[in-house]
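Below, chain A partners chain B and then partners chain C, in two separate complexes.
The block that comes next holds the complex of A and B.
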C-alpha cells in the first residue's frame, strides 16, 4: 500500500512536469508580453504595456485582425454547413462508395499543412483565385470541415433513428422533419462546430501564408515578425489571439456540455 | 448507424450528399492532383509552363542534398516520435489508471488547449526561453552552470516537435489505456504478475492499436512541420518542409517543390499503412 502511494506521488509529479512543459511556452509568452525587456531573461524587467500600445497603434495589425475575423467567421459557416450535410448523409443513408465519400472529407487533416499550402497555392494560381481573402476562406473550409462533421456526427449518434420516421408517420415531409426535428436536435452541436472551426481557422498560418498574397491574417503577421527579429510584440499579439481562441473553445465546450446534460435528462 | 437502408436518390438526398463532393473535388482533390501534374511541368525564364517532362524528378532525386534532407527528416521525425511516445507513456498511464474519471476529463480538456494557441507564438516563446541568455540559462547561471547552447541544435528542434505533438500523444494514449478492461489488469496482478510485466505483457498489447495510431499521428506532425526545425533547429540541416518552403518562396521552382511534397506524401502513406497493418494484425500464437 505504502509503495503504491509513493508510486502515485512520483507519477503525480511526473504528470505535473509534462503539463509544465506543455504550458510553459504559453504562460511565458503571456508574462513576456508585459515585460519591459526586449530580450527577456531572469530576473524579469519591469511591468509594461508598451508592446500592447505598439500593436494597437499599428494599422497593419488592425487590418490583419479584421482579415482574421472575416476569414474565421466565413470559414466557420462554410465548414459547418459542409460538415452538417456530410454528417447527415452518413447518418441517414447507405450508398455505394461511402468509404471514398467519407475519405473525401476526412483526409485533409492527415496531410501536412505545408503540402496542402503548396497544392492550394498552385491550384488557386492556375484557376485565377490566388491572393484573395476568399482563397484563405476556401482553403480553411477544406481543412476544418472534418472537425465540424465529427462533432455533428457524434450528436446524430445520440438521436433515436425512429424519431425521424415518427415525424414522417405523423405526416411531416422530409424537409419539414429536417427543419423541425433534426436541426433543432443538432443545434448545440452546430454551435459547437461553428466555434471549433472558427478557432482552428483563427490560428492557422501555413496555408494562410502561402495563399493570402497581400491579405495577411494575424498568424501571418506573427510569422513575418518572428522572421525578422526578436520582438515582444509577438507575445502581445499571441496573448490576444490566445484569448480569442480560448473564448471560442470554451464556448464550443459549453455547447458540447449542455448537449450532454440534455441527453442525460431525456 | 444509418437509420434505414435508404437507397433512393431524390432531391432531398442529393441536397445533403452533393455539397461536400462538389467542394472537395474542386478544392481538395483538384489541388492535390494538380500538384502531381505540376511536378512534370517546366520552368523557363522564371515562368512555369505546362509540360510532361521528368526533368524535375531526375534533377531532385539525383541531388545529394535532397537525400541528405530526406533521411535527416525521417530520422528526426522518428526520434521525435520515440521521445513523445516514451515521455507521454508514464503520464498517460497515471491519468488512465491512477486518476479519477473527473481528473482525467479535466486533464484531457487542459491538453486540448494548446491546439488552439498559436504554435508560432509557442515556438517563439521557446526561442526566448532556450536562448544563450534566456530564462533557462539565466536560472542555471544562479547555480553556476552554463550557458548551454540549446538553440540551433537537434535538441531545439525536438523541443519544438514535443510542443506540437506531446499533448496529442498524451491524450490518445490516455484514452486508449483508460478503455482497457480493468479486470484483465487485476487478474494479471492477482496471478502474481509484477507491475512491470503487467505493463509490458498486458497493458501494452491491449492498447497496441491506440499506441500505434498515436505514433503515426506524431510522426506525421513532426515530419510535416517547418516551424520547429526552422526557428529552433536553425535549419542547418534543412528538413523536407523547409526545402519546400525555400523552393517555393525564394525561387519560382514550384515543380521541384511539388516533387518534394509528393515524396513526403508517399513516405507518410507508406508509414501510415505499415503502422495500421501492424495495429490491426491478428496476433499469432498468443492466446
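The block that comes next holds the complex of A and C.
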C-alpha cells in the first residue's frame, strides 16, 4: 500500500515532467508574445498586444494564413478521400501483392521530409508544376493520405463483415450499400481523418518551403521572419499556429474517442 | 404436398482446391420449415449463402420458382437472411434497421414507417422502435433482426444459427416465436443450425450434412429412429451403435455377432449378406434395464459408469465386459425404483423391432 503510493507519486512527477518538457517552450513562446521587450529575457517587460497588432497589420501574414487555410482544407479533403478508398479496398478485396501494395501506400510518412521535399521540388520543376499553391496541395496529400487511411482502416476493421452482405441481402446495390452502410459506419473515422490531415498539412514546413515558390504558408513565413532578425512577432504567429493545430488534433481525438466508446458499447 | 420452391440441382462449391459442398441435390417445398443441420465445417452455411446469392455455385444450379439463380446478384433476390451475428446496423435505431430493406427498394417514407412499426409491434418490441441498437438486449436485437427480414414480406426466409448467441431460456422462447410465425405466415423457413434440439423442435424436415455432403433428409422422427448411416447415428447422439458380422439371415431378421454378444435385428430394406460386416443402432430411450437376466434374444450385461440428469430425464452411461459403451435414457422416477450405485451390474435388453440397421457410409 505504502510502496504503491510512493510509486504513484514518483510516476505522477515523471508524467508532469514529460508534459513540462513538451509544453514549456510553447508556453514560453506564448508568454513572450505578450512581452513588450524585443529580446526574450527575464525579467519580463510590460504586457503588450503590440506584436499581435503588428502581424494583423501585415498583409504578408494574411496572405500566408489564407494560403495555409486553402492548402490544409484541400489536402484534408483529397487525402481523406484517397485514404478511404485504399482502406476500403484493403477491407473488401483480397488480391495478389496486397502486402506490397499496403506497404507502398504507408511509405510516404517514413521518408525523411527533407528528402521528400527535394524530390517533390525536382519532380514538379521537371513537369512544370512547381511554385504553385496546388503543388503544395499535391505534395501534402501524398504525405498525409496514409494517416487518413490508417485511421479509417482501423474503423473498418471494427465492422462486422456481415454488415455489408446484410445490406445487399436486403436489396441494397453496391453503391447504395456504400452510401447507407459503409460511409455512415466510418463517419467518425472520416471526420477524425479530415482534422488530422488538416493539422499535419497546416504545420508542415519542409515540403511547403521547397515547393511553395512565392505562395508562402504560415510556417514558411515564420522562418522568413526569424531569418531576418529576432522579432517577437514570431511568438505571436507561433501562438496562433499552435492553437489552430491543437484544436484540429483535439477534434480528431474527440471523434476518434467517441467511436472507441461506441464500439465498446455495441 | 406442395410444389418445390427451391431446387438444388447437383450443386457443388469449391474454394480454391477445397470442396466446401458437393452433390447437393434436394428440393425445398413451399411453406415448409426445413432445418439444415451438421457439425461446424460441414457446409451448411455455405449452402445457405449460395441460396442468398452471397456465394455462387461452382457446379450445378439453384432454381427459385423455376428461375435459375446463378447469375442473379444478392440484392436482386428476395431471400432475406437472419444472420448469426445479427448484422444489425449499429448507427441506426431499431425502426431504421427494419426500414432499411424497404428504403433500398424505394418504398416511400410514410409506408416504410408504417410497415416497420407494424412488424415491430408484431415482434413485441414496438416500445424500443426509436432506441439505439446498442441499448437493446440480446433477445430484443434478435426480434429486430427478424422484423428487418420479415418486413420484406418474402416467400422464403433464411436463418443462419440465429439463436446461438442467446441464453438457454431465451432460445426456447424464440423457438416458439419462430414456429408460430412460420405457421401464421405460411412462408418457407430454411434454418441452419448445429443444434439438434433446435432443428428437431421446429423443423418439418431436416437435412443432415457431413463433410460437405448430405447424409440424410427426413422428418426429425425418421432421422432419430432410423438414421441412414453411422455418421447420422453418431451425430444425433443418444444412440447405441453396435458393429459385427452377419451370422445368419432369415426372411425379415438377421443375427449379428458383435464383440458384445449376438443380437437379432430387423433387416428393413437394407441389403445384408451373410459373413459381411453390419452395424445397427438402438435409441437410448428404447433400452430397458433389469437387475436379473431378462428374457429375449437381445441383452447385454453392463456396469454403470455414470448418470446425467436433464430435468426429469436421466441418461445412464454403461460399459460391458468388452468396454463397449451403452447409453440408456429413462424417466427419473422410473429409475428411482432401482436404487443404482456407480459400478452396479445390470442387464440391458431391447425388442428386436427397436434395432435399426445402418447403411454402410
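By our rule, the second predicted complex is superposed on the first by the 252 of 266 C-alpha atoms of A that agree within 3 Å, B and C clash if a C-alpha of one lies under 4 Å from a C-alpha of the other, contacts with A are read in each partner's own complex, and residues count from 1 in each chain.
The definition used in the following text is that a contact is a pair of C-beta atoms (placed from the backbone, for glycine too) under 8 Å apart; a residue touches a chain by one contact, two chains touch by 3 or more.
What you are looking at is a predicted structure, and each value in this text was computed from that prediction instead of being measured.
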{"item": "Fit or clash between chain C and chain B when superposed on chain A", "value": "fit"}
{"item": "Chain B versus chain C as contact partner of A:5, first or second or both or neither", "value": "neither"}
{"item": "Angle at the Cα centre of chain A, taken between the Cα centres of chain B and chain C once the superposition is applied, in steps of 10 degrees", "value": "100"}
{"item": "Contacts of A:105 with chain B and chain C, given as first, second, both or neither", "value": "first"}
{"item": "Touching partner for A:181 - first (chain B), second (chain C), both, neither", "value": "second"}
{"item": "Contacts of A:172 with chain B and chain C, given as first, second, both or neither", "value": "second"}
{"item": "CA minimum distance (chain B, chain C), superposed complexes, angstrom", "value": "9"}
{"item": "Contacts on chain A seen with chain B and repeated with chain C across the two complexes", "value": "162, 165, 174"}
{"item": "Partner chain A, residues of chain B touching it in the complex", "value": "1-7, 12-13, 15-17, 19-21, 23-25, 27-32, 34-35, 38, 87-88, 90-91, 93-95, 98, 107, 109-114, 116-129, 131, 133-135, 137-139, 142, 162-163, 166-167, 170, 220-221, 223-226, 231, 241, 244-245, 248, 254, 257-258, 261, 264-265, 268, 272"}
{"item": "Chain A residues touching chain B - in the complex, by the definition given at the top", "value": "8, 11-12, 14-15, 18-19, 21-26, 28-29, 32, 39-43, 81-82, 85-86, 88-95, 101, 104-105, 107-108, 110-116, 118-124, 126, 138-139, 141-142, 145, 157, 161-162, 164-165, 174-175, 199-200, 203, 205-206, 210, 219, 222-223, 226, 230, 234-235, 237-238, 241-242, 245-246, 248-249, 253"}
{"item": "Chain C to chain A touching residues, read off their complex", "value": "52-54, 73-76, 78-81, 83-85, 87, 89-92, 100-101, 103-105, 133-134, 148-149, 152"}
{"item": "Complex contact set, residues of chain A against chain C", "value": "160, 162-163, 165-174, 176, 180-181, 184-185, 187, 262, 265-266"}
